[in-house]
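One chain, chain A, links the two complexes that follow: it is found with chain B in the first and with chain C in the second.
Let's look at the complex of A and B:
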């Protein structure tokens, strides 16, 4: 007896599961477009799975798993900041579109790992409703857009989906409206005179459905109000009936399967994934001369989402002529459907910028690395000062846009030679009064100006500088003279102008890999490591970007980079393997 | 000087803290420990309010109990703009009174469910409390949806919030502590956001702030 019952039960459970799997592939409306008011987070549910649904200020609609990756708190109680969604609990921020984590307040000096990314679900906005489906397939969407429409007030009913589906048609026919059950599961009710309501039943949970209707006509104010009231009244009476029938129905709630987070989320990326690799293919969708000799390129992905970036990040461009060049992203928070870079023509440069200016056109395909950030922005600063010289504006622009959207205090100083050299004017206009442009100052006047700007170092004040070498050096010296603490000064060089001395011969001992290797004159540590199968991420390979940083356990480091600050050098425990060497016979490295 | 006999976790006391903040009034808080010592049922407190309920205010010796009554009193006396309780607008006063009663009725449903779940009031029939709260939320959600249709952001008609919004806010904002989800009430969820963006809004444990508005 028991066995038969158990078997039957198992069969039923199995059938139910298969039914749910099939339903997950379908598109369902989960909200009205008008539900997503500005700066709001809508709480939705489909087949047991909860979604946090929010519209960014650029209009993009996000449908995400309704939980923060940190402690599982619902993101629907979080804060929609227009370009990022902030969790209410510990303030983790997630980017519009990609759902990648952009900031962790408990680690203000670091950029979060790119692998910290929430689950996103397919989304479409159609006939005044937001549509989604856990496993919905893009091309399976068969509904036609209605140019004229009035969306009814959605009515949640505590009854199973199929019951509601089966009875809605009958209910309207009792009221003398004929209708049709269409193949796609929607219900068409004929109101007469070409007016029709199309109904969709959203299966929210095993015993909770939402009736969502749309009329194929646009109604004017008063008519609209009365029509909505009238239909709402009808559907609420229908709701009473359905809830009476299903009152004593005991159904288990649907369980959304939560994938286990893979272990490697907690680990640094594996070594095989590192190195100067061009993992992205981007096409140039826009090319603008933003000032006299700076070209701004908008790069779009070929398919899917672009990896999340953080303010201050750069990408490597692998050019067709074999050169690899680094360019900072200019993107603000939430601008996640493209990357934007600014390239200044360096007539006496090494050929990268000339190649881009002369050869790269709209439509071209470029191979690039994913964004990498060795110049992260603290967002816990009470006051931030940006000093940009020339094309050094690019990473600082991305940072100031982030602070601007969070309404944090900052000032932005932009040193240029002349009016014609001002790049990204539109963005500067948005930042408004906080931008101060210094035009055509002599070297001496620039130094005086910088001294004035940095006059008052203070508690929780941070300084970010990017610009040509001499200006950077002067600024860092002034900051240090004025007693700015080392960890409040953040800088990024374009390139390393120091003359590299690679005459020394020494040994490196890799403490974790149990290897000892010899670095001879003319070779870098990085090259020797790679020749011996030990891969390490790198980017500029000239001691400017900070990507190939390693920890040093013992030995006397011969620093030749421009990335580390004085304190970091004095600590004698980090080095850049692409240019720096050893003063002692042996270095012990933590790799 | 206004004195408020107050308990931090009480939604009814929160109504008074809200209006005092909205009207930018100085006041003194007198802490009455509701849980676990039940100070509101103590001899001393019963002399102030024989019903043994919070909140109570004393305004220069004038003692008043009942959250809704206090809202009416404070708004009538101290709201210079006359928008929170427009005494001369009879229709609106009628409307406000109707929703004050609604706000009060949440004490027996959403508030009771919360006391059951968080402060060990196990003698309450939790299923009944929740069911009653859901039927009340349905009414308010529908009302707010059609208010939005008419261009009204608040429970009563007009461009500014009234004490009716204050009376309804706390136990709705705290409902999830009593196991009452608001997922089926999108118009209520939007109204909560708007309410939290009123100038000088204050929070209490369990009520989170909204971000900057549109």
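Let's look at the complex of A and C:
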């Protein structure tokens, strides 16, 4: 007997589950547009799942799972900062649109793994309402915009969805209004004189529904007031009736499972496991000559979201001619629906920039890597100085935009040859007085200027430099002469101008995979690793970007990169595998 | 939801239910909830503490008085309670600093207590301040003898270390979790080489409802008792709304439900430690 009963019970539970899965594919209104007040986060619920709903300053509406990925705190109690949402508990920031985590304050010197991304749900804004559904199917959205409309006050009812839906029509007909149950589940009530109310029932939970109505007309103030009051009165009576009927209904609340995160995020982040892969396809949606020889490209995804980037990040462009080149993103926080890069024409370059200048047009499709950040921005600095030389402006622009939006103190020095070489003028205008442009200075004057700028190292003061090699070297030297601590100086070279010596022969031992491999003259450690099936991420492959970094357990490193600073070199425990080698017979690597 | 009776780890454990100070002067009978059960307790004329289940006045539950608190066990009581030698050191002042009810699990409360990363956000201007948000590397171990989670060499920027300083300093902390629901925080005191201890003993009323008992074992400085009490209540009052907005409220022991970072080493070890013990009550495994 009990078995039969248990089986039946199991069947019912199973049916309930299937019903929920089916409902998750549908669109429901989850908020009124007017609920999304500027810089506010609204808490909504659908089929047992809570959502944090917020409008960014650019108008985009975000519907996210209401749970910070870090420690599960509701994001609806977080802070809408216009382009990012900040969690109350540890201040993690999530980007508009992508919901990717852009900043983890506990580790200000690291860029977060770009895979830390909250769950986002489809969203539409129609008829004065925000629509969503956990697995809502894009093409199933059938509601038409109403050119004239008045949105009723949503009324929550402690009763199951189907009960409310079944009875609303009857209730209005008792009041002598005829109506229709439409195919899509909405209810149309005819008020006469072409006036209609369209009702949607939002299933919040097994025993909680919200009746949301909209009238197909705009009303003058007086009429509007009376209309809303009257409808409110009707629906309130209806609510009482429904709640009476379902008072003794004992329904389990719906369960919204928590999705597991990927395995690698369950442990504190270690190493990225991708090689030099072009995982993205982007098309060029805009191409502007932003200064004499710099072209600015706006790149858009073909479908879906672009992976999250952090200030200072770069992407690899895999050009049709086989070259792979790195370009920093110029994007500010929240500018997540595209990537923007600046490419300077290098007449004596190795052909990458020439190819882009001559061949890449609007509409072209480019293969790129996902953004990677080896030049992260600390946001715990009391004062930040940026020094950009020429095209070195690109990563620093992205960084300064981030500090600007957080209202943190900084100054931005931009060294150019002439007025015609000033790129990204509009952005510089937004940053305003903090930008100081130094035009046409001689080498000597540049050095004097930099010395002045760096006069006072200080408490929680950080310096970011990017520019041509000689300028960078000079700046780093001045900074260290003026006693800036190594860990307050952050720099990025475009390329490694040093002459690489790859004559040595040595062995590498991989501590974690118990492999010993031989690196002979002419081959790099990175190549030997790849040949033996050990996949290590890399990007520039000339010792400038820092992507192929590994930890060294023992051995004498022959550093040939321009990424590490003096302290890091002196510590003798990290190296760039794409160019650096060994002075001893053997290196033990932590891979 | 699990019942405590299906979970020997929670059942055969000493649980704090009240500070001695609270029940001392009166002969009043108090009532509280422990592991979903209603229990009553009082101190009689001979200063003996009696605890019984509601409706079973004649059966006294095993109790223990230790570290200024009354501890009760609803199952088979363990022989010993964790060690807290500082409690008996001369010249220290032991004070209960208040109880606060929170709708969360014991595990979430302990984890919050051992977490420095939230100081600049939740305890802004007191225990931390933006932009000084970095959690510097520290050491964590799960030791066998004693069986506890221990985090040492913890440092965090404190805006005003004392009334006279204008600049912030890095404050040093040590955290001990010697009991599944109890944690101790050690920090520098006015006596050189000696550490003040701040205590959190959590009473699990239900899986998702607790009473957090707080106490201090410190070298007295000029601040009055009332000040200390208010300060503690302010701090826990700031944590309460955060804890009540966590989902799930029970502590996830499956490492793939949340995203830890290096700063969360203590929490990672704590969760692992609980998982190895097989704790079910107040936790989610899958």
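Here is the rule we use: the second predicted complex is superposed on the first by the 568 of 591 C-alpha atoms of A that agree within 3 Å, B and C clash if a C-alpha of one lies under 4 Å from a C-alpha of the other, contacts with A are read in each partner's own complex, and residues count from 1 in each chain.
In this section, a residue touches a chain if its C-beta (ideal position, glycine included) is under 8 Å from a C-beta of that chain, and two chains touch if they have at least 3 such contacts.
From a predicted model like this one, the values you see are computed outputs, not experimental measurements.
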Contacts of A:69 with chain B and chain C, given as first, second, both or neither: second
First, second, both or neither for A:382, with chain B first and chain C second: second
Touching partner for A:104 - first (chain B), second (chain C), both, neither: second
Partner chain(s) touched by A:77 [first = chain B, second = chain C, both, neither]: both
Contacts of A:289 with chain B and chain C, given as first, second, both or neither: neither
Touched partner set for A:88, first chain B, second chain C, both or neither: both
Chain B versus chain C as contact partner of A:521, first or second or both or neither: neither
A:408 touches, of chain B and chain C: first, second, both or neither? second
Contact residues of chain A, present in both the chain B and the chain C interface: 50, 77, 88
Residues on chain B engaged by chain A in the complex (per definition of touch): 142, 145-146, 149-150, 182-184, 186, 189-190, 193, 208-214
Touching residues (chain side chain A, partner chain C) in the complex: 50, 66-67, 69-74, 77, 88-91, 104-109, 116, 258, 260-263, 265-269, 379-382, 408, 460
For the chain A and chain B complex, residues of the former touching the latter: 31, 35, 37-40, 42-45, 50, 77, 79-81, 86, 88, 153-154, 156, 204, 208, 210, 224-225, 228-229, 232, 236, 407
Residue ranges of chain C in contact with chain A within the complex: 111, 117-118, 120-122, 130-135, 241-242, 245-248, 252, 254-265, 268
